[in-house]
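Chains here go by letter, A, B, C, D and E, matching the order in which they are written, and residues are numbered from 1 within each.
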Amino acid sequence: MNVPLTHLLTLAGGLFFIGIWCAVTRRNLIMVMLGIEIMLNAAALAFVGASLRWQQMEGQAVALFVLAIAAAEVSVGLALIICIYRRYRTLDPAKVQ
Amino acid sequence: MALFYAEFPFLTAILLCCGAGLLTIMLIPSNHPQLIKWVSAVGSGLTLVLSVYVFIAYDQGLGGLQFVERYPWIESLGIQYFNGVDGFSLPMLLLTGIVFFTGVLSMWQLELRVKEYFALYFLLVAGVFGLFMGLDLFFIFVWYDVSLFPMYLLIAVWGSTRKEYGAMKLTLYLLAGSALILPAILYLVAVSGLNTFDLVTLTRPGLFTPFQQKLAFLLLYLGFGILAGVWPFHTWSPVGHVAAPTGVSMVHAGVLMKIGSFGVLRLGIFLCPEGWRYWAPLMATLAVIGIVYGALAGLRQTDLKYVVGYSSVSHMGIVGLGLATVSVDGLNGAVFQMFAHGVMTALFFSSIGYIYERTHTKMIPELGGLSRIMPRAATFFIIAALTSIGVPCLASFWAELMVFIAAIRVFPVHGVLAVSALVISALFMLRVIQKTCYGPRNATMAHLPDVSFSMSLPRVILVMVIVLFGFFPGLMVDMIQTASVPLLGGSAHDVAAVYP
Amino acid sequence: MTQLIQPQIVWTAAMSAMFLPLIAFGLILLITHRWARVSAALAIVAAGASLACSVYLLATLHDVQIPLRSTQTWMMTSDFRITFGYLLDPLSLLMLVIVAAISLLVQVYSLGYMTGDPGFARYYAFLSLFAWAMLSLTLAPNLLQLYIFWELVGLSSYLLIGFWYEKFSASEAGKKAFVMTRLGDVAFFLGILLLLMNLGNLDILRLNAPETTDRLSPGLLTTAALLIFGGIVGKSAQFPLLTWLPDAMEGPTPVSALLHSATMVAAGVFLLARLFPFFNASPTAMSVCLAIGAISMLMAATMAMVADDIKQVWAYSTISQLGLMIMALGAGGYAAGVFHLTTHAGFKALLFLCAGIFIHAFGTNDMFTIGQAGARKRRIPMICLIVAAAALAGVPPFSGFFSKELIMARLADHPNPLWLIVGLLGVWLTAYYTFRLIFVMLRPRPGVIPQTAEGHAHHGAHRFAEGAMNVVVLLLAVVAIVLGWFEKPISAFIVAPHSALAATGGHHAWLLWVTLALAASGVALAWLEFGRRTATQKGFVEKMPALQTLFANRWYLDRLYRRLLDDGIYRGLSRLCAKNDQKVIDAGLDELAGGTVASGRMIHGLHAGMIQYKLLTISIALGLLGIYLLF
Amino acid sequence: MMWQQFTPELYHFAAALLFTALSMTRRVDNRRDYWVALSLAGGGLIVCLAAVRAEGLLFLNTYKVDLFAQLFKVLLSMGLFLVVALCSELNGVARRWHSEFYLLLFTCTLAMMLLVSSVHLISIYVSLELSSYSLYVLVALRRDAAMGTQAALRYFLIGIFSSAIMLFGLALLYAATGLTYLSDLVQVLPGVIDQPLVLVAVVLTLGGFFFKLALFPFHFWAPDVYVGAPNQLAAFIATASKVAAVAVLLRVVAATGGQETLLVDSLAALAIISMTVGNLAALVQKDFKRLLAYSSIAQAGYVLIGILCMSPEGADAAIFYALALLLMKFTCFLAVVKIAADGGNPSLDALAGLHRRSPLLALALMMAVFALAGIPPTIGFTAKLLVFSAAMHKGYLVLVLIAMFNVVISLYYYLLIVKAAYLTEPAVETPAPVLSLSARALTTALIIAIVVVGFYPNPLIVMARQASSSLF
Amino acid sequence: MTLYSLLFYLLAIIILASTVMAVTRRNLVHAIIYLVVSFFGSAMLFYLLGAPFLAAIEVIIYAGAIMILFLFIVMMIDVDRHKERLFPIRQCLPAIIFGLVYAAVGLMVTFGHSGSKASMPIAVATPNAFGRFVFEHHWLAVEIVSLLLLVALIGALYLGRLKIEKSAAAGKETP
C-alpha cells in the first residue's frame, strides 16, 4: 500500500479532532459520549496504521484492547446517562447540575 | 574537668529542657494549671541557667565556634545535626533564656487554656533556641518555622484586639518571608555543588560567584527582613503585637524579631559577603527610613502596644543600619542592639501586660497618673522607655552609639539622619510616659493594686539585665567582638593595638 | 611637687567623688525608698563625702602643672576604645568643687524645702543621680565620656523638672527640656563623631593640643566646633534653644537652683571652656559663640524685664548670664568666662534658694504677691536675696562685680566695639531687672493680702526646715560676698594650663567706671519705677504694650516651636507616616490578600461550570501547550 | 519463581474474588464485610512488605518487579489498609452494596499495583483504565444517589476524555518510534524527543496520568468527586490513587530523559498553574472535602516539580512526597470521616470546637494541615524540601520561588482549618466524634509518623534513593 | 497511485464525511447511523492496513454492539422532545479557535516528521498469528481487561438497579 503513514495520521488526527469537537460542543450527553468514541476510534486507526508502518502487531493489539475498553465505557457510560436522565429528565449537560 | 564540659552537650541540653518541658506539660492533666505553671517556670529557668552558663563558659580568648555538637542526620542530602555557638549567637541565647523565663513568669495570671498555652510557648521557644545555636541550614530553617507557627494559635486564642486578623496577618506575612529563605538556602546549597547544608563548610570563601551571592543575599535579606521589621515590611509588627498576649509579645518582639536580623547575619552575611557589600546601601537606606518612620508613625498612636510596635520598627532599623555598615563596629552595635532591644521590649510588653491586666485598657488617652496608682509598674515602664530613647548607662545606648559611629563613617548622610531621629524617638517615648504614667491620678483606677513583689520579679530581672549591660557593656561587646572581628578579617588584638 | 602626690589616693578620691552619689542613688532606689529620712541622710552623706574628696583633690593638686589623667577601658569596639576615667586640671577641679558644694548645699536646703513631700526619697535619689552624672561629666577626660554624662545630666534634669509629675505643666516642661536639649545633643554627638572619624581620638587634652587642631582643615574644624557648640546651645539654653529653661522652673526650687542655674546649665559653658583652645583655633566658631551669647543675653534680659514670676526672672537671668559667659569665652576671655561661671554658680544658687524660701513660705511664685505677703519681714532670706541680687547686678564689692569687670575688659579688647556695647547694655539691663524684683518685694503694692495656702505641707519639722534653709542661704551669701576678692588667685589657677592663650588684655580704667555707672543707673531706674514710695510699679517696658507682649511671649519663640512641632511633626510628618502605614502599606497588603481571595473566588466559579466547559478547557490548554511546544 | 514475585497482585486478586463471592451471598451483617476487608487489607500490607525485595521481569518483559514498584505497592496496600480501617461506619454507602464497595476497592488497588509495575504501554493503559473504572463505579455507590451519580458522571466523562487523549498520544508515540516497551523507550526517546511529533505525543500521553494525579488541566473532576464520593472513597482517591499516579508518571517521564527544555518548561508551567489554581480556589471553600480537593490539586503541582526534574533527586523527592501525601491526606480524611459520622459532607463549620470535643483528632488534623502546608518539622515539609532541593539542583530557582509563594497562599486556608478546629465554638453543641481505642491508636500513630518522619526522614530517603535508582 | 492508495483516500473521505455528518446531525438516530457508516469505513481501512481480524471485530463491536446500544438508549429515552441547541456559540467559538490551532499543530507534527514520509509496505497479520501474539505477549492485559469488563458489568448492574430502587423509594433511598 503506497500511502505514507503521514496521511493516515492526518486522517486519524482529523477524526480525533472531530471527536473532540463533538464532545465539546454538542449539548447532549449522548453526543459527548459519541464524540469520545470517535476519538477512541481515531486512536485505534492510528495504532493500526503505525503497526503496519513498523511491521509489528503491537499496534493491532492495542487497537483490540481499545475496542474492549470502548465496550466497557459504553456500558458504564450509558448506564450512568440513564440514571441521570431518570433524575433530571434531560441530557443537556448544562441542566445536569 | 574542662574535658567534661567540652563533651557535655549543653546546647542540646537547652533544647531538651524545652522538649522535656513540653512533654511534661502535655502529660499533666489540664485541670492542674498551677502545676503546669511551675513546671514551665522550672523548665524555662533551667534554660536560662544553661544559657547563662554557656555564655560564661565560652572561651573568649579562643573565639570561634564552641560547644560544637555534630551528628549526621540526613546523609544523602548532607544534612547534619550541627550546633555550636559563637560571639553572635551567645548574646541571642542569653536573650532567649532571659525573655523565656520572664515571659513565663509574666503570664502567671493566665487562666484560659493554660496547658495549651505553655505547651505552644515551649515549642516556640525551642524553635528560637534551636535557630540561634543551629549551624546547619536545614535545621536553621526548620527551627525558623517551628518558632513561627505556634504563633498563630498563641495570638488567635489568647490575644486581644483584632486577634484573629492579627494572627493571620502575622503568620502569613512572616511565613511569606520563609518563601524567600528556603529557595535561597536551597539555591546556595545547589550552586555550591557540595551536597551539604553545613553552614561552616558553605562559608568557605570563593564558593559562590558574586552574582550568586547578590541574588541569594537579596532573597535572604528580604525573607528575614520581614521578620526583622524592615521598612516597608514592618506592618505586621504593630498589628501583631497589639493582638498578642503579653508573654507572646515579649518573645515575639523580644526574640523573634531578632531571628530576622540574626538570620540576615548568620545566613546572608556569613554565606554571601559579596552580596552583603553590594546590597549594603539598600539595607542602610531601608534601615534609616525605618528608624525615622517608625518614630514618626509611633508619635500618633494611641494604643500602647502600637507605640511599642513602632518603636521596635525604629530600633530594628538601628540593627539593620549596623548590619549595613559592613564594619566591626556596626556588627557589634547591631548584635548588641538586638540583645538590648530584646530585653527592653520584653520589659515594655511585660509592663504593658500588667497595666492592661489591671486597667483593662491599653489606650493611652484612657490611662494617666499610673505613677501614682501603681508606681512599680510605672517605673518599669519608664525604665523601658528610657532605654528606648537611648539614655546612657542603659544597654541600648551603647549599641546605638556603636551603630552610629559605624554608620557615620560609612554612610554619612544615613548616619546623620539616624542620629537626628534620636530627637523624635525621645519626643515619642516621653510623650507616652507623660500621657500614661504622669498626670493626675485617674479616679476610676485609683483602687487598682500595684505589682506585688513576686509579680515584679520578671520585670526586675529585665531591668537588672538592662542596667548590668548598661554599666558594663564590655561584657557583651567583648563577646561579640570574638565573632565580628574574624568575620571581617583580622584579629581582635591587632585592631585594638591601633588605638591605645 | 608631683612626686609627693600618690596616684592611688588621687584615684580613690576622684572615684569616690564621682561614684558615691551613684551608690546613694542605687541604695535609695533599691532599699531605702520607703524611709524618707534615711534616704535623705544617705544622699547628703554621699554628697558631703564627694565634696570632701573634691576639696581634698583641689587642695592637693592646686599647684600641679601637668593635668592628671587616668583612664580605663569601659568598652572596646573594633578600633575604638570607650574609656572611663578622670582628668584633673584646674578647670575640672574648680568645677568639681563648685558642683559638689552646691549639690551638698542644695541637698541640705531641700531637707527643709521638700519636707513632707510624698516623693522625698525619690527626690534625693534623683539628686544623687544628678550629682553622679554632673561630677563624672566634670571630670571626663574625653568627649565621649563627657557626652554620656551630659546625656545623663539631661535625664536627671528631666526627672527632676517633672518631679511633681501629676502637674501637667511639670511633666510637659520636663519633656520639653529633654527634647530641646536632645536637639542640641544631636549636633554635639555629630560633632563628636566627626572628630572621631577624623582624629580617631576624643581625648580632650589631645583635642586641645595645637598639633591636633593643626591637623584638621579649617572648614572641618569649624564644622566640628559649631556642631559641638550646638550641644552647648541646647544645654546652656542659648538662642535659639532657650525656651526650655524658663519652663524648667516647674521643678522644685532647689532643683532649679542646682540644675537650672548653678551647675547643669553651666555645663555648656564648662564644655566651651574645656575645649577652649580647640574652639579658639576656629575664629568663625568663636564669632558664632560671641553672637549667640550676645543674642541670648539680650533676649533673656528683655524677657526678665516683664516677668512677674520670681523664678522666671531668675531663669531668664540665668540664660542671660550664661550668654554673657559664652560671650566672654567667645571673645577669648577664658579666665573671665570661667570666673563668672564660678561666681554665678554661687549667687544664682543663692537667688533661687532665697526665692525658694519665699515660695515655700507663701506658696506662690508671683513676686508682687510675695511682696504683699510680707517678704520683707523675713530678714535673713531678704538680706541674702539682696546680696545675691547685688552680685548679679554687678554691684561692688560682691562677687558678680569682679567677674563682670573681667568680662567687660575682655570685650573691650575685642576689635569690634559692638560686643562691648552689647555687653554694657546687658549690664544695665541686668541691674534694672534684678532690682526691679528686689524693689517689688521690698515695696509691696498696697492692696489685699491674698490668703495663700502655705506652699507645701508643713509639719512638725517646720523649724528645722527653716533652719536648714537659712543656714544654706547664709553660707552662700558669704560666698557671694567674699568670692570676688579671690579673683586673682582663681584666675591664675585656671589659666595656668593655658598660659599661652591667656593674653593679658589692656587695662581699661574707664571701663570700670562706665560699668559701675550703668549698673547704678539700672538700679536707679528700678528704684524710680518700683522702689519709690510713690512708684507706680510699672516698668517703662510695660508701658509699651507691643514690647511688653513681645517680651512676655518670649519673643514668640515658644509659639514658633509649638507650631513647628504641632503642624510640622504631629500633624505633618507623623500623620503622614501613620496614614501611609495604615492607608498605603497596610491597606495595600490587605488589598493584596483580598485580591488573592477574590481571584480564588473567581477560579472557584470557573470550576462550578458545566462539564463541557471543562472538556473545552482541557482542549484549549492542550492547544496552547501545542503552540508553545512547536512554535 | 515468577508467581512469587506476583504474590501481592495475586493476593489482591483473590481478595477481590472473595468479595465477588461475598456479594452474591445473603447479607447478614455489615460488620462481617468490614472485618473481612480489614483483615484482608492487613494481610495485603504484610504480603506487600514481604515482597518488597522481590525483583524480576514477568510476562515477556511487560511487567517489571523491582524495588520501585514494590515500594509503591507497599504504599498502595498501606493506603488500602488505612482506608478500610476507616470503613467501620461506612454510612456513605448503602448497606447492601458494602461487599461491592470492598470488591471494587480491592480491584482498584490491584489495578494500581499492576499499573506501577507495568513497563509496557498496553498494560499501563489497561491497568490505568481498570483502576479508573473501579473508581467511577465506586463514586456512584454513594448512598445519596443524586450526588453519587452526578460526581460519577463528571469523573467518568473527564476520565474517558483524557484517556482518549492519552490513547491518541500513545498512538502517535508508537507511530513515531514503533516502540511499546518502556525499557526501549528509555533508550530511544531522549534521542528523538526534539521531534515535534514525539513531543506532542509525550505531552498527550501524560494527559492520562495527569488526570489520575488531578493536575491542571485534567483536574476538573477533583472537587466534584471529592464531594460526591463517600468519604472513605474520597480518602482512597486522595491517597492511594495519587500514589499510583506519581509512580507511573515517574516511570514515563523518566523515559524522556530530561534533555528537552521545552518539555520541562511546559511541565513546569502545568505545575505552577496547577498549584496556583488549586490554592486560590481552595481559599474560598466552605466545604471541607472540596477544600481538600483543591488542596490536592495544588499538592499535585508540587509533586510534579519533583517529577519534572527527571533526576534521581527529583524521583526520590516525588517518592517521598507520595508517602507524605498518603499520610497527610489520610489524616485529614480521618478527621472528615470521624466528624461526619453520618456519612455526609462536613463543612468547615462542623469542625468548630473540635479541640474540646476530641483533642486528639484536633491535634492530628492540625499536624496534617501543617504538614500539607509544608511547615517543619512535619513530613510535608521534608517532602517539599526534597522536591525544591531537587528542582534547585536543576537550577529552577524561579519555579521554586513561585512554589514557595503558593505555599504561603495555601497557608491561609490551612490556617482557616486550624482556626475552625481550635478557635471557633460551635453554634449548636454537636456530639463528640466517637473514637474507638483502635482509632485512637491509629490517630496517635499517624501524628507520630507525620512528625517523626518529618524530623528524621533519613531511612526513608535512603529507601527512596534505592528505589529510584532503577529509573535512570 | 495504486488501487490500494486510491481505496485508502476514498475510504478516508467517506470516513471523514460521514463522521462530520454524524457530528452535525440534530437527530440522534441519524447521527448514529452516520457513525455506523464511519465505523464501517474504519473497518475497511483496518482490512486495508493488514488487520483483517480487527476489521471484523470493529464491525462486530463498534459498528455493531456499541452503536446498537446507543441506538437502544436513544430510542428508550426519546431525547427528541428536548430541542437542544446545536453548537452553542459559547462552546463553538473557542472550539473553532482551538480547532485552527490543532490543525496547525497537527500539520506541523505530521509533515514535520521525516520518518513517516515513506510509503508503508503491505503486510497482513492473520487472525491466527494475531491471536497467538496477543495471548503470548499480552495475556496479562487480557486478564486485566477481563477484570475491567467485570467491573463495568458490576457498575452497569448497580446503576441499573439504582433507578429501580429510587423509583420504589420515591427519591429517598433506603439504606
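By our rule, contacts are C-beta pairs under 8 Å (C-beta built on N, C-alpha and C of every residue); 3 or more make two chains touch, one makes a residue touch a chain.
Everything quoted here is computed from the prediction, not taken from an experiment.
The minimum number of touch steps linking chain A to chain E comes to 1.
Taking the definition of touch as given, a chain qualifies here only if it contacts chain C and chain D alike; those chains are A, B, E.
Chain pair with the highest count of contacting C-beta pairs: A-E.
Compared with chain E, the chain whose C-alpha mean position is the greatest distance off is C. Taking the mean of all protein Cα atoms as the centre, the chain whose own Cα mean lies nearest is B. Taking each chain's centre as the mean of its C-alpha atoms, chain A lies 96 Å from chain C.
If each chain is reduced to the centroid of its CA atoms, chain A and chain B end up 65 Å from each other. Averaged Cα coordinates give chain C a centre that lies 100 Å from the centre of chain E.
Note on chain placement: the centre of chain B and the centre of chain D lie 42 Å apart, centres being C-alpha means. Touching of two or more other chains is recorded for residues 122, 126, 129, 133, 136-137, 140, 145, 149, 153, 157, 161, 165, 172, 175, 196, 200, 412 of chain D. The residues of chain B that reach two or more other chains are 172, listed in rising order.
Residues of chain E found to touch two or more other chains are 91, 95, 102, 105, 108-110, 113, 116, 137-138, 141, 145, 148, 151-152, 155, 159, 162, 166. Contact between chains, per the stated criterion, is found for A-C, A-D, A-E, B-C, B-D, C-D, C-E, D-E. If you check the complex, the residues on chain C that touch chain A are 610-612, 615-616, 619.
Those residues of chain E lying in contact with chain D across their complex are 105, 108-110, 112-113, 115-116, 136-141, 144-145, 147-148, 150-152, 154-155, 158-159, 162, 166, 173-175.
The touching residues of chain E, when paired with chain A in their complex, are 1-2, 4-5, 8-9, 12, 15-16, 19-20, 22-23, 28, 31-32, 35, 38-39, 42, 45-46, 48-51, 53-54, 57-58, 61-62, 65-66, 69-70, 73-74, 76-77, 79, 82, 84-88, 91-92, 95, 99, 102-103, 106-107, 110-111, 113, 116-123, 125, 129-130, 133-134, 137-138, 141, 145, 148-149, 151-153, 155-156, 159-160, 162-163, 166-167. Taken in their complex, chain C has these residues touching chain B: 73-82, 148-149, 151-152, 155, 158, 162, 165-166, 168, 170-172, 174-175, 178-179, 182-183, 185-186, 189-190, 193-194, 196-197, 200-201, 565, 569-570, 573-578, 580-581, 585-586, 589, 593. Interface residues of chain D, counted against chain B in their complex, comprise 316, 370, 375-377, 381, 385-386, 388-389, 392-393, 395, 397, 400-401, 404-405, 407-408, 411-412, 415, 418-419, 422-423, 455-458, 461-462, 465.
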